[in-house]
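These notes are about the structure you will find just below.
As written, the chain order gives the labels A, B, C, D and E, with residue 1 at the start of each chain.
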């Protein structure tokens, strides 16, 4: 699949259709999960009453911001090793989307947490390993974009960005395990869908209720498609501008 | 590279650190500043001071690492010394690593040595000293290594200062979390392991990254 | 790579900003060659030299080098706090050369300010330190960017001799130059 | 000099401050750093943070003033811009003053503007804000002026960083003491008057001193 | 001060470290003069020029100046972030000159890289910016330290013309120089 799309022309052909389709599908699925999540399912008071409805955006965005950074690092790695231009285009396109979803995860999380945390929640963000590591992820996305913007040529930007993106990847596993590893330093609730690390034993009812899980997964699928659509859209425009540059360069060579 | 080049890289960057003194500026300024300020800001209650001390030390480490290395790498770029280093292929990451370690030794390590002084001054309990010092030593090392990467990445950039802060801080945070915890909790806390781990990780990854970034800066 | 060539670059190209500096430039240097890079200010001599030295990636073309080379750019690579002696002995250590620093300082006429920090030295004296690096270690290929700048007439004569000697010992020199050259070249590349 | 030269000196040093970003580096790094670290070091108790906050801000001011200006004047010396300024006899101290004020505006003033944010973040009581901000503004100005003198003095000297720290800090202390007291005690404290006095004194003396020092540096 | 002299220094001396660079050097420049400072590397040309420019105190002797002068040293006084245009318009504002920047940039052959930050410019292009400053404002006296360095042949011809024009307009030029001068001088001072 990837190797098939590695060819820019094929990518452009594929994405011309893929973008609108995944936009539509994603919107539908998100709408569905939100409709159910906000109006249908009963609130779970153990989880903060109606506030917990933020979950149906929070968890998908949380997973996505990690996934997108993994994508950024992966693309950077591919470009760094094989100098594959499309990989760089992808990396460049992923960054803003990833930053967006990181922000979304943070906002929804704060909404969710608002009640439980009360007034001093800003201190909690700073003192909380999970929240902090997500904040770090956000800074990494910003730093990546700032670095690219600061460098003169695309080559330079690509190389510098790739170095940074690959280093920063270490943060993703940290985010994932931050809850299970350092219960002491987080109020964030542990992974209940997929948990790695060593979660401390729970009693039965604390596993996630199936009707929540459904909406959550709908939302996750929808947001994944939406993110994919936006990334591909940015990639397309980037490819166009690069083609334009090349044309200009050729013209200048002629002149 | 044979040891002797690295040795003389070390010697030269020692004299560099000593020459531009910037390394010493921050810790020194910081301590004089702290010593003057903390009592004013907080009043003399020892209990309170002993809790502010560590945070201030971490700040000093983070700052000196960022500012020192920015200056070093940018100077190398401007006066053409970087070009000379780059002639001998392959050496550059090693050289960068040594420069970083040297400047850590000059600007970061004094903080560690001063910990007991400050500590007693601020009334930190004695048994906390040793783990604290080790924590600062390792944490500072990580700061300098990642700070070096950030500085190298933005060496060729005009608006470097701001960028370095933006790039370095996220890289600092993990070591920071573990470091602070370790200084609090001592050796038998998991954070000791985590801090050691992230130190090793930085030692393994940062030099290569700096090398690549410096090659890029010279372009 | 044509055998015996110390360095050879084929169809090199450089793009800066949206400007194409040069393309399809090929340079080859055999033992004994002195190749002069010519061109107006901003035509790309420094850029080409840096590509040949491996300091920057050519946007097109390939470069093959045979062993290490000496580099002298527009800047001399000196630190304000270094003295001529300390600078040379530093690089001697780095390159593992046993050369006699005092002798070399004498050769390039720096024994008087040998221990004066570089920030106090004159422009030509700094340039001479860069020249002295060429004598620290035998390297077949020299890449020099306007090496005669800031040198007085003696200094220029000295450098000319050094280059001649280097060529006669089977070395090769690539130099960017403006105006009339004090040495006749094997070949000129104009950008 | 007629206003227009001074105006463009201001404009150029604005773009300089923006370009080398060192000015922005410290406040920004410092705040992100502080915001990240202080709670780690102290735990989230608002009461404690609110009392540490001011001290940390003062440190930020002192440091950013020292580091920024050192870099500025040394750059002017190395790239020969100082020689150009010195051609128009008499202008230099004015120019130095303007440069200093500009960099205060860029690296010092943001602290003042950020005071409310940080303050609320750290839980500083609202009524303290206004005197605090004025205190930081004046104190920062004094720091930058004296810091500028120190930087100019050491522009031509090796080991500048260390020297600057040694020269500047004693000059800082009075403004520091008054400043902290004023932030604590508000307007109707004598320290308000003292701080204003030392600000005026610095404004009167520092520019001439900087001018002389820069002439010396160019020699 | 001999009347009509734009600058005159009488038995100037300079001591650096424990070394006497020169003593009893006298220089006077009338309108139309071109005075070349000659001497080996490190002989004190830059030092003397800086003393004449009022940038450093002579250890002995006196200097009288008549009005402002233009200065071009070994360094060009450029900031990495400045573009040729921004640099020139900055100094135009400082000196309160109405000169047309675009025209001047054109004259010194910098209209192409007019908006490229200086850290990307070539050595000669940077030197040309320094030359452009000479055209920003009419000043009778020019003090130039090795102004031909890094300039290509066109650039050198351009500067030679500029100097000639300046002299014919009643200006005077003091320049430190190595090797053969592209312009014949009124007088030479050798250190």
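Quick note on the criterion: a residue touches a chain if its C-beta (ideal position, glycine included) is under 8 Å from a C-beta of that chain, and two chains touch if they have at least 3 such contacts.
Source: prediction; values computed, not measured.
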item	value
Distance in touch steps, counted as few as possible, from subunit A out to subunit B	1
Which two chains share the largest set of C-beta contact pairs	B-D
Relative to subunit D, chain with the most remote C-alpha centre	C
Farthest-lying chain, centroid of Cα atoms versus that of subunit E	A
Geometric centre distance via CA averages, subunit E-subunit B, whole Å	44
Cα-centroid distance, subunit A relative to subunit E, in whole angstrom	59
Distance from subunit D to subunit A - Cα centre to Cα centre, in angstrom	40
Per-residue overlap in subunit B, given as positions that touch at least 2 other chains	19-20, 158-159, 163, 166, 169, 173, 177, 219
In subunit E, residues with contacts to at least two other chains	74, 80-81, 120
Residues of subunit A whose C-beta touches two or more other chains	132, 152, 155
Subunit B residues within the subunit C interface of the complex	2, 4-5, 7-9, 11-12, 15-16, 19-20, 75, 78-81, 83-84, 86-89, 218-219
Contacting residues of subunit C [partner subunit E, same complex]	16-17, 39-42, 46, 74, 109, 112-113, 116, 120-125, 127-128, 146, 149-156, 178-179
Interface residues, subunit A side, partner subunit B - complex	129, 132-133, 135-137, 139-140, 142-143, 146-147, 150-151, 155-156, 159-160, 163-164, 167-168, 170-171, 174, 181, 185
Residues of subunit C that touch subunit B when the two form their complex	53-57, 68-71, 73-81, 86, 90-91, 93-96
Residue ranges of subunit B in contact with subunit A within the complex	149, 153-154, 156-159, 163, 166-167, 169-171, 173-174, 177, 181, 190, 201, 205-206, 209, 212-213, 216, 219
